[in-house]
Every structure is written in C-alpha cells, then in structure tokens.
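Paired with chain B in one complex and with chain C in the other, chain A is shared by the two complexes that follow.
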Partner chain A sequence: MPRSKISGITDKFRAVVDEPYEKLKQWKEVNKKKIVGCSPMHFPEELIHAAGMLPVVLQETDETITTGFSYIYPFFCGITRNLIDIGVKGQLGFLDGLIYSDLCVQNRTAASILRQNLPSIYVEFAQLPSSFTKEGVMEDTIKELDRIKANLEKLTGRKIDDKSLKQSILVYNKNRSLLRRLHDLHRADPKLLPYRDMQVIVQSSMLMPKEEHTQLLEELLSEMEGMKPTSVKGSRLFLSGHLCQSPKADILDLIEGVGGVIVDDDLYTGYRHYAVDVEVNGSPIQALAKRHLEKSLPVPTRTDLPIRWEKYLVDRVKASKAQGAVILVVKFCEPHLFYYPFIKEALAKACIPHIMVETEHEVVSLEGVRTRLQAFIEMLR
Partner chain B sequence: MVTQMKKANKLNSTSLIGQMMTASFADIKRQAAEGKKVVWANGLPVYVLVRAADMPVLHCEGLVAGLAAKRLEKPFQDAAEAFGLLPDACSYARSFIGAAKIAKGDYRLDPSMNQDLLLMPKPALYVNSAGGCGTGRPWGEAMATLFNVPVYHFEPRFLWNESDLKDSVADFVRQEQEFISLLEKITGKPYDWNRLKELLVEVKRAVTLRNEAMRLCQHIPSPASFFDWTTNIAAVAHLIGLPGTGDLLQKTKEEVGQRIAQGISAVPNEKYRLYWDGILTWGKIGVLANKFAALDACVVAGAYTHLVWWPRPEMIDPEKPLESIAYNCCDIVLLRSYEYRINTLADFCRQYSIDGLVISETQTCRAFNSHAFMIMDGLARRLGIPAVTIGGDSCDIRFYSDAQVDTRLQALLETIEARRKVRQI
Partner chain C sequence: MSVAVGVDIGSLTAKTVIMDSDSHITSYRVIQGKLVDEAAAIASLNQALNDAHLAKAEIGFLVTTGYGRNMVSFGDKSITEISCHARGAQFLFPGVRTVIDIGGQDSKVISLNGEGSVINFAMNDKCAAGTGRFLEVMAHALEVSIEEMGALSLEAKNPATISSICTVFAESEVISLTAHGRIKLDIIAGIHEAIGRRMHSLVNHVGVVPPIVMSGGVAKNVGVVRVLEKLLGTEIFVPPEPQIVGALGAALFASDELKGKV
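Right, the complex of A and B next:
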C-alpha cells in the first residue's frame, strides 16, 4: 500500500526531528565527521558542506527551559531561550562549530552567550549586510562570506575551492527543487499529507546530510506522485509567519482538526526555505551572495526590501486561492511584530480574512486557540 | 508626628533641560511651517549630520522619553496599539510609530488632549541609527512605509572581536558619506561641510564637559546621581549640536564642582554607592531618585548615561567629523561583547567605589538586556559585588511595579550590609 510506504518514509524524517541533537551525536560517532550548527534564516549552509562538514540548521526543541533562565530573560523569543538553555546544559557540546547570523538583537545575544559558555566550540557571528540596496553590499557580502570561509577552512583543515563549492550548491539546489516539487504536490492536493508531516520533511532537510535526505525525498515523491487524488473538503488556508522556528505540531493539527486545509505557506520551515536556488554559473561565492541579496523572499529582518512582505503575502494568498490566512507570530519576535500591523491592513484591504495566533515555547492552553480557530473557520464557510 | 522622607538632592541646572526641550520642539514646528523638510530619527546621534544640512530633526528618544517622563506618552501607545502593534514590541519604537499615526491623521486625538504636544510635523526622511539593535530595521521600514519617505539605516557592526573596531568605523564613515549624498538629493543643495565642523566643535565641548562632570561623581559622597545624568541626557542626545547645550553643561559642571567644595551630596546621607545597568522607566525617574535617596543609596554611574551617548569624546576631532561621529556610534557598549562589558563594568566599580549593581530589566528592550545575568554573576565572582534586577520598561509604565522595586532594592542593600559586616570580622 503506498500510504504505508509514505508513512514509513515520513517516520524516518520524524525520527530525526523528534530528537535532533541525539540523532546528530549518533551520526557523528558513526561517520567521524565535523558538524557545524547554523542559526536559522540567512547563512548559506553550502559553505560548510563544501568544507566536508555537516551543516545543520539549529532547531527549537520541546525541552522545558530551566538552567537557561539563569542566562536570559523570559521576554526573549522561544528559540533564543531554548538554544541558550540546551547550550548551557551541554547538549550542543557535540558541535564543532556554531554560526549565528545578525538577524535580530536576540540572535546576537544568543551568539554572545553561547560563545562565552561553549569555549571549546568555534562560534562565529556572520554579519551579512541586511540592506538590499546600499552601496557596496555585494562586495561586503562576498567579503564576509570569504572571511567565514577562511575560518571554516581552518576548522576543517581543508581548502574550500570553487569546484567543491559548486558541487555543494548543486547538492543543495537538488534538494530544494525536490522540496518545491513536494510543495506543488501538496498545494494541488493538500490532503495527501498532513501539514505537520510537511513541516517534518522540511525540518529534517535542515538536520540530515542533504544527499541522504534527497534520496528519501525522491522515494517519497515517487510514491506520492502515484497516488490517486483525494477529495479536499474544508476551508482553504494560507499559513504565514513563524520566522526561524517551526510551529508546534499541536497548533498545526488544531488548524486541520477544526476544518482548515493548509494549502500554502511562507514559513521559514516551509516555502521560504526552499523557494530559491543558488545560481550555478560563475563564481560560487558570488552566487551565494546573490541569493542572499537579490533572490531571497521579503523578510522583516532585512531592509530596503524590493517588495514589502505584506504585498508579497497578499499576492501569494490570492495565487493559492486560500479563503483566509492564519498569521503565526512567535511571541517576542520583534521583526514580525513590526510587520503585523501592515499585514493586517493589507489583508483587510484585499478582503482576505485572517486570524493572528501568537505562539510560545512553553505549552499554552490550546483550548482558547481552538475556540478562536473554530470561529474563524465558521466565518469562512 | 510626620516623618519627613529623605529626598534626592537634584542638580539645579538640570531644570533648564525641560525649557530647552520645549523650545526645540517649538522650533522644529516653526521650521516645518516655514517649509523646511523635517527629518525623523531614532537612536544614536548620527543625526548631527542632518543639522549641517539645515534640516530640523525630530529625535524619537527625545520626544518619547521626554513625554514619558511627564507620563504623557500614552496617546502614542494607544495609537500604535490601535494600528496592531503588540505591547511586547520596543516601547520607544511603538510610541514613535504611534506618533507617526497621529501625525498622519490616521489616529484622532481626543480634543481634550494637548494637541500641540502630541502632533508633530511629518518627515521627508527617516534615519534609523539604533546602535546595531536589529529592531531598528523593521522600525525604520515601518516609519518609511507609513510616510512614504526614504529611510537610511545606519548599521554599525557588532564588535565580535576587539580588533573589529577599525573596520567598523571605516564602514560607518562610508555609510555617512552615502547618507550625505542622500541629504544633498533631498535638499537640492551641496552639503555644508564647514557647518558640520562648527557643529562638531560645539558637540566636543558639550560632551567633554558632561564627561568631566560625571567623573567628578567618583567623589564620596557623590555630588550628583545617575538620575541627574539621565535627566539631562537630552543635552547630548536630542539637543546635541544645538546652541546652548555646551553652556548648560558648563553650568552643570560648575554646580557639581561647587557641591564638592561645599560638601553637598546628591543623596543626603549616602551610605551605598550603586551602578545602574540598562535604561530606566522614564515615567518613574523622580520616584526612583527619591526612593533610592530615602534608603541612603546613590546611583553614581550607569551604562546608559556613561557608555552609550558619545562614549569616546577624545576621538572627536572637528576636522575629521565623519570619523568623530563614527567612533562614537560604533564603540558603544551595546555593540560590545560580554568580555568587554564585564571588564568595563569592573573598572567603573573600582573608579566609582561601587557597592552594588542594579540591573534595570527593561521589558521591551532586548538590546540592553543581552547579558544581564552573566554580568551579575561575573561581577560577583570578580569583585564580590552583589546585584539585583528591577522590573520596568523605558516608556511603558505598565511594566513597572513599585512594590517589586522596593523589595528587591531592600534585598540588595541588606546584602551589601551583610558583606560589610563580614569584612569587619
């Protein structure tokens, strides 16, 4: 039965996501390779891959924050607090490197605290330009990538030449193109996979060796493409927001459980992650810089955007034929907070109903969220 | 019998600041009415560059903190919340966005409110210079979108390694040059470099006088307090470069010197000398000053007053205006690593004979709160100096609790007292 095969494959992805750092430790023991963690959103993992190391995008875990509260206030966002907490508890000690990026002031704080508390690990702070349009941003981006490339070469003892970087770009582009194929399949028939599984597949792509993930993804796609179409019943919804971290599965299940059908998204652990490839012609460092500067989707951690996020979102919602949008805001995520009023206004102007749901690292009462979502879905019918 | 509470002995010269602020807002409005293009700005004083282009500057922190100190900021926050901003967002930014909604006419003020105080002229340009705090980015973008005007984001680098300062300054100078080209486009006039040099002469005088006056507080008992330096911070922030700031700070320095000569202290019976890390709740500045004074505690120095606004006066050379501004925007404590912060703080503690540390838990500011607990721990380990955190927020008084401050402050002073006794044994 194709369904059971699909479940078998998604279970493999889930096993990685459920215990990301335990699984990575085991992988390292078996493969004897270095692992470098990256904070989410902006850093090009290809650079680490080309150095012969395993790049992983740090994921928030469900662990209750304890020791971390001796390092950080509770009014920092969930992933910041969680990573500091597990970092100071020693759970990230298996990493050989940790690269944070200058997304927001909270990310910078996490980088600085972890550097101080993980002295045996190479901790880097990537300051890639946040502006798209300032003079010299391309040169500055290349300069910063070159600086980190040199540090990665020192860490691994291996030169990152253009040939190996191009090869890594190809490996990553292939994975992204398969994720886009999956996205298209799901968009056309959202009941093929629960949305929580879509999240697991994307998150696992950030944690597993890309080649291995790609192989499993190809198997999954070949099973899914052979399946009969399902009948889609429910209210079509676009899921937006949740930068840096994946929404909790409970929230996703709740949306689908009250009759919502998630047809498209712009989440970081969704379309945002795989929307755009890196060019394969010309200088590979320049190609990575170009992806950062010219091709990334509108994001509130950057400035001088070619298109504002709210406008982009309205266009995407319309294209997806969603009846409404669910805006997931991570509590204390300031970049998102400053965009939400504009998003709210733009959606209202485009006559797109929406509901904003604030999410937290700690378990919140889902009943209140359920009631609001139920009311929202009923309004859409 | 009525017991008289001991009160803070505030510097007389700080009372002049209120008049200067009122006059400056009136002047911005006058210039706008005469057709001059207004620039709105947040953060560090890179907007001195704008003054040389003969454009009036409305500085967020000057406007919002000034109103918050008088508890008049709420209409701004109401306007921002009506727009959809949640209270978890930086209250400076939130209030300034509220001011923008009011200026645009999107949010109507109650007719009973003081319109003149709350209604600002619209900008032709927005400048974000949030000292490397990433919140400045979406904040600046929001303001530019609301008014449909250009925005320039100054982005100093985080000094991950001590050696990064030189590169950061060079990069900042390049941004200043680009910004000046933008000013020339907006004004349609060549930039007045001579005027900028003149302004830097006044800036250097004001900043140097203030730093000298603040250093006099190493004297025991301290002639002035952190609350005095916070009250007159506008002289080196919102008002910097404007006529009269140097004279005001000259008076302040003289007053501080006279106090030392006459044996007058900021706190009538100084027993404890404290350092303040973080911003304070502006709406409670007077309450806090008196609260500490009543307990014989003088806050003699702080990061916000001593390490953020023009922390490198010795680097100001009017003949090199861009480098002068760059050093003072790139070498601030918020852009420094934990190691630098703890070393600097330890130096302050020795120079100012600090007994305890108060960390202001500014609820909507993630920049100032970055290493709070590590700093508390680090200082205790290095110098045996105890610390407490007290709740609050820069411009949102809802996060402040008198009872919590009382309890924690009492606990800090008891700890200091207990340690003194141990030392005596």
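Right, the complex of A and C next:
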C-alpha cells in the first residue's frame, strides 16, 4: 500500500527530527566527519558542505530551560533560550563549528554566550548585510563569505575551490527543487500529508546529509505522485510566521483538527527555505551572495526590502485561494512583532480574515488556542 | 416532539437550553459544578428535560459548547462558545454589534456584522484574571457573597485602586487594603474597576461598536457592568439570564440542524 510506504519514509525523517542532536552524534561516530551547526535563516550551508563537512541548521528541542536561565533574559524567544541552555549544558559539544548570523539582537547575544561557553568549538558570527539594496552590499557580502570560507578551510584543512562549491550548490539546488515538488503536490492535494509531516520533511533536510535526504525524498515523491487525489473538505488556510523555527506539531494538529486545511505557507521550515535556488553559472561565491541579496524572499529580519513583506504576504494568500490566514508568532520575536501591525492592517485592507497565535517554548494553554482556532474556522464558514 | 438542545459546559457552571420547533425557549437550567463537570452538564440537561416534561428520546439534535464541549460523552456536534454567544446575543438583541462575555475562567469580546455573523473576536487565552473565578477569590478574601458584590460596589464613595491584574497578587492587595482600614465597599468597587480596565483593553482589540451586549455570569454583577459602561462610554444591554446566552446559541445551532438549514 502506498500509504504505508509513505509513512515508512516519513518515519525515517521523523526519527532524525525527534532527537536531532543524539542522531547527529551517532552519525559523527560512524562517519568520522566534522559537523558545523548554523543558526537558522541566512547562512549558506553550501559553503560548509563544499569544505567536506556536514552543515546542520540548529533546531529547537522540547527540553525545559534550566541552566540557561543564568545566561539569558527570560524575555528572549524560545529557540534562542533553548539553544543557549543546551549549549551551556554541553549538548552541542559534539559540533566542530557553530555559525551564527545577524538576524536579530537576541541571536547576536546567543553567539557571544556560546562562544564563551564552548571554547573548544570554532564559533563564527557571519555579518552578512541585512540590507537588500544599499550601495556596496554585494561587495560586503562576498567579502564576508570569503572571510568565513577561509576560516572553514582552516577548520577542515581542505581548500574550497570553485568546482567543489559549484558541486555543493548543485546538491542543494536538487534538494530544494524536490522540496518544491513536494510543496506543489501538497498544494494541489493538502490531505496528502498532515502538515506536521511536511514540517518534519523540511526540518530533516536541515539535519541530514543532503544526498541522503534527497534519496529518501525521491522515494517519497515517486510514491506520492502515484496516488489518487483526495477530496478536500475544510477551510483553506495560509500559514505564515515562525521566522526561524518550526511550529510545534501540536499547533499544526490543532489547526487541522478543527477543520483547517493548510494550503500554502510562508514558514522558514516551509516554502521560505526552499523557494529559491542558487545560480550555477559564474562565480559560486557571487551566486551565494546573489541569493542572499537579490533572490531572498521578503522577511522582517532584513531591511530595505524590495517589496514590503505584508504586500508579499497578501499576494501569496490571494494566490493560494486561502479563506484566511493563521499568523504564528513566536513570543518575544521582536522582528516579527514589529511587523505584525503592518500585516494586520494589510490583511484587513485586503479583506483577508486572520488569527494571530502566539507560541512559546514553554507549554501554551492548548485548549484556549483550540477554542480560538475553532472559532476562527467557524467564522470563515 | 423533537427539540433542539444546547448545553454549555463552562469551567464553573453547566447550562442547558431546550428550544421547540418554533424557536421558543421551552426550559433552561444553570447548575454549579466542579471544574468542567460532565455530571453537572448531565444534571442541567436532565433537569431542563424534566422542567419541559420531555424524555431524552425527544432530543432531535444536541449541540455542546463551552470549555468542556469536546470533553463530554454526549452531543451531536460541538461549536465554540464564541459562535454560540454571538448567536444567542443576536437572538435576544437583533442587530447587536459587540458581545462581551465574562465567564468563570475566560473572557471574550466578539464583534458581529449586525446580521449575526462573527467578524472578529479577542479572548484572554493565558490568564483568568478579571473573570468569574477572580471575583470568587476576591469575595472569599473580603468575606462577602459574590451575589452581593455588585450592589455593594454601587454604594462606594471612594473606590480603592487595585493595581495588579493577577488574581493571586490582587488578592494580596485586597488583604493589604483591608489591613490598612479601607472599607469593603471601596475595595469591591476597586476590584470591579480592575476588571473593567482589563476588559476595556480586550474590547479595544476588536473595537467598541454599539450596541453592546454582555453575557456570562459576571454580567450579573451590576458593578462591573456600570464600570464598563463608563469606560466604553455607551450603554451595555444585559439579558435577564446572561449565563444561558451560550447554551441558547448552541440550541439555535441545533435548531438549524433540525430544520435542515446546515
């Protein structure tokens, strides 16, 4: 049965996501290769891959914050506090390198704290320009990527030449194109997979060797493409928010459990992650810089956006034919909360109903969220 | 006879409304229970059936609502209290634009389009401050009954200031004010003003559009209603039995099902 085959493959992805750091430690013992962790969103993993190491995007875990309380303010967002907490407890000690990049003030603080507390690890702060369009940003981006490239070469003892970097770009582009195929399949038939599984597939792509993930993804797609479309009943919803982490599966299950059908998204662990490829012609470093500057989707952690995020969102929601939008905001996410009033106004102006749900690392009252989400769906009918 | 029934299983009380095929309320019951209490829900249903001389077999469709809507073992469909309070309020006050509902442990403000459809809502989803439970704790601290608080507060000459919005801290503040010799009337009035300020902020999330209807157990407290009227600058309409508005809405949805309108 194709369904059971699909479940079998998604279970493999889930096993990686459920215990990300344990699985990575095991992988390192078997493969004897270096692993470099990246903070989410902006750093091009291709550069680490081309140096012969495994790049991974750091994921939030469910662990209760304990030791980390001594290092960081309680009004920092969940993923920042969680990563600092597990970092100072020694759970990230298996990493050979850690690259943070400039997304927000909280992320900058996290890099400093982890640098001090993980002295045996190469900790880098990638100062990639946050502006899309200011004069000189291309040169600055290339310069910064070259600087980090040289440091990665020192770490691994291996030269990153254009040929290997292009090869890595091809590996990553292929994985992104398959994720886009999955996204398109899901968009055409949202009942194919629960959204928690869609998230698991994207999250695992950030944790597994890309080649291995691509192979599993190809198997999954060949099973899914042979399936008959299911009839979609429910209220069509567009999911936006969670700029640098995956929403907890409980929230996604709630949305679907009360009759919502997620038809498209603007999540980091979703369309935002795989929407755009890196060009393969010309200088590969320049191509990475171009993806960062010219091809990035609007996001509030960047400035001088070529198109306002709220306008982009309204266009995407309209294109998805969603009846409403669910905006998932991580508590204390300053860039997102700064932007939310603009989003609220733009959605209202476009007559798109929306509900904002704030999520936290610590347990949220799910029954209250359930009532709000169910009432929102009832309102759309 | 096949009747439509709405059962609202709240955090502190269970309410049942039975409605006949002409959309008339046949009977209703409000039962004080434990926290989300199925036994209280069943008791309110059975007593309302008895009052109307009906047997269980005569229930045509039953909609559950309230915090415990999905936790009880009976019911043909569950609908949120937000939709049900809006529907109930529209039935009692056609053309209502805003419903303020303060129940046992949550409060909500619902915006309607004037024809009964919900267009927006806001809900306290993280803290029970300013709800019925808050009033219960304060009544206990002041050694007065919750029923008399509303009338007592209207006699206050110099309302005290309760600065905390947290139930636990507000209770400490009330005890401290008592120790400083403030009279009960003024403290009760201060408590109502604290609830009013908190609700005012929630109302602003969806906008103040009259006519405004207040439902839920706290609407029985005339002191809170007056404070809110003052803060919002408009009259608030309170139905004779504000606690059954959610169950009434649920019964109306059940009635739709019976009439094949869904």
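Assume the second predicted complex is superposed on the first by the 381 of 381 C-alpha atoms of A that agree within 3 Å, B and C clash if a C-alpha of one lies under 4 Å from a C-alpha of the other, contacts with A are read in each partner's own complex, and residues count from 1 in each chain.
Convention: a contact is a pair of C-beta atoms (placed from the backbone, for glycine too) under 8 Å apart; a residue touches a chain by one contact, two chains touch by 3 or more.
Because the structure is a prediction, the values reported are computed rather than measured.
When the two structures are aligned on the shared chain, A:Arg176 is found in touch with neither chain B nor chain C.
Looking at the shared chain after the overlay, A:Thr371 reaches chain C, while chain B stays out of its contact range. After overlaying the two complexes on the shared chain, residue contacts for A:Ser70 are found with chain B alone; chain C is out of touch. Of the two partner chains, chain B is the only one that A:Glu345 touches; chain C does not reach it.
Of the two partner chains placed by the overlay, only chain B lies in contact with A:Pro300; chain C stays clear of it. By the touch criterion defined above, A:Asn107 lies against chain B but remains apart from chain C after alignment on the C-alpha atoms of chain A. If you count the residues of chain A touched by chain B and by chain C, you find the higher number for B. When the two structures are aligned on the shared chain, A:Met379 is found in touch with chain C, with no touch to chain B.
Once chain A of one complex is fitted onto chain A of the other, the partner contacts of A:Arg81 are absent, as it touches neither chain B nor chain C.
No residue of chain A lies at the contact with chain B in one complex and also at the contact with chain C in the other.
Those residues of chain A lying in contact with chain B across their complex are 70-73, 75-76, 102-109, 112-113, 115-116, 125, 127, 129-131, 134-136, 140, 300-305, 308, 329, 331-332, 334-335, 337-342, 344-345, 358. Of all residues in chain B, those touching chain A in their complex are 83-86, 88-90, 93, 97, 132-135, 137-142, 145, 151, 153, 155, 157-158, 160, 171, 174-175, 178, 337-339, 361, 363-364, 366-367, 369-374, 377. Those residues of chain A whose C-beta lies close enough to touch chain C in the complex are 353, 365, 367-369, 371-372, 374-375, 378-379. On the side of chain C, the complex with chain A involves touching residues 67, 79-83, 106, 117-121, 123, 125-126.
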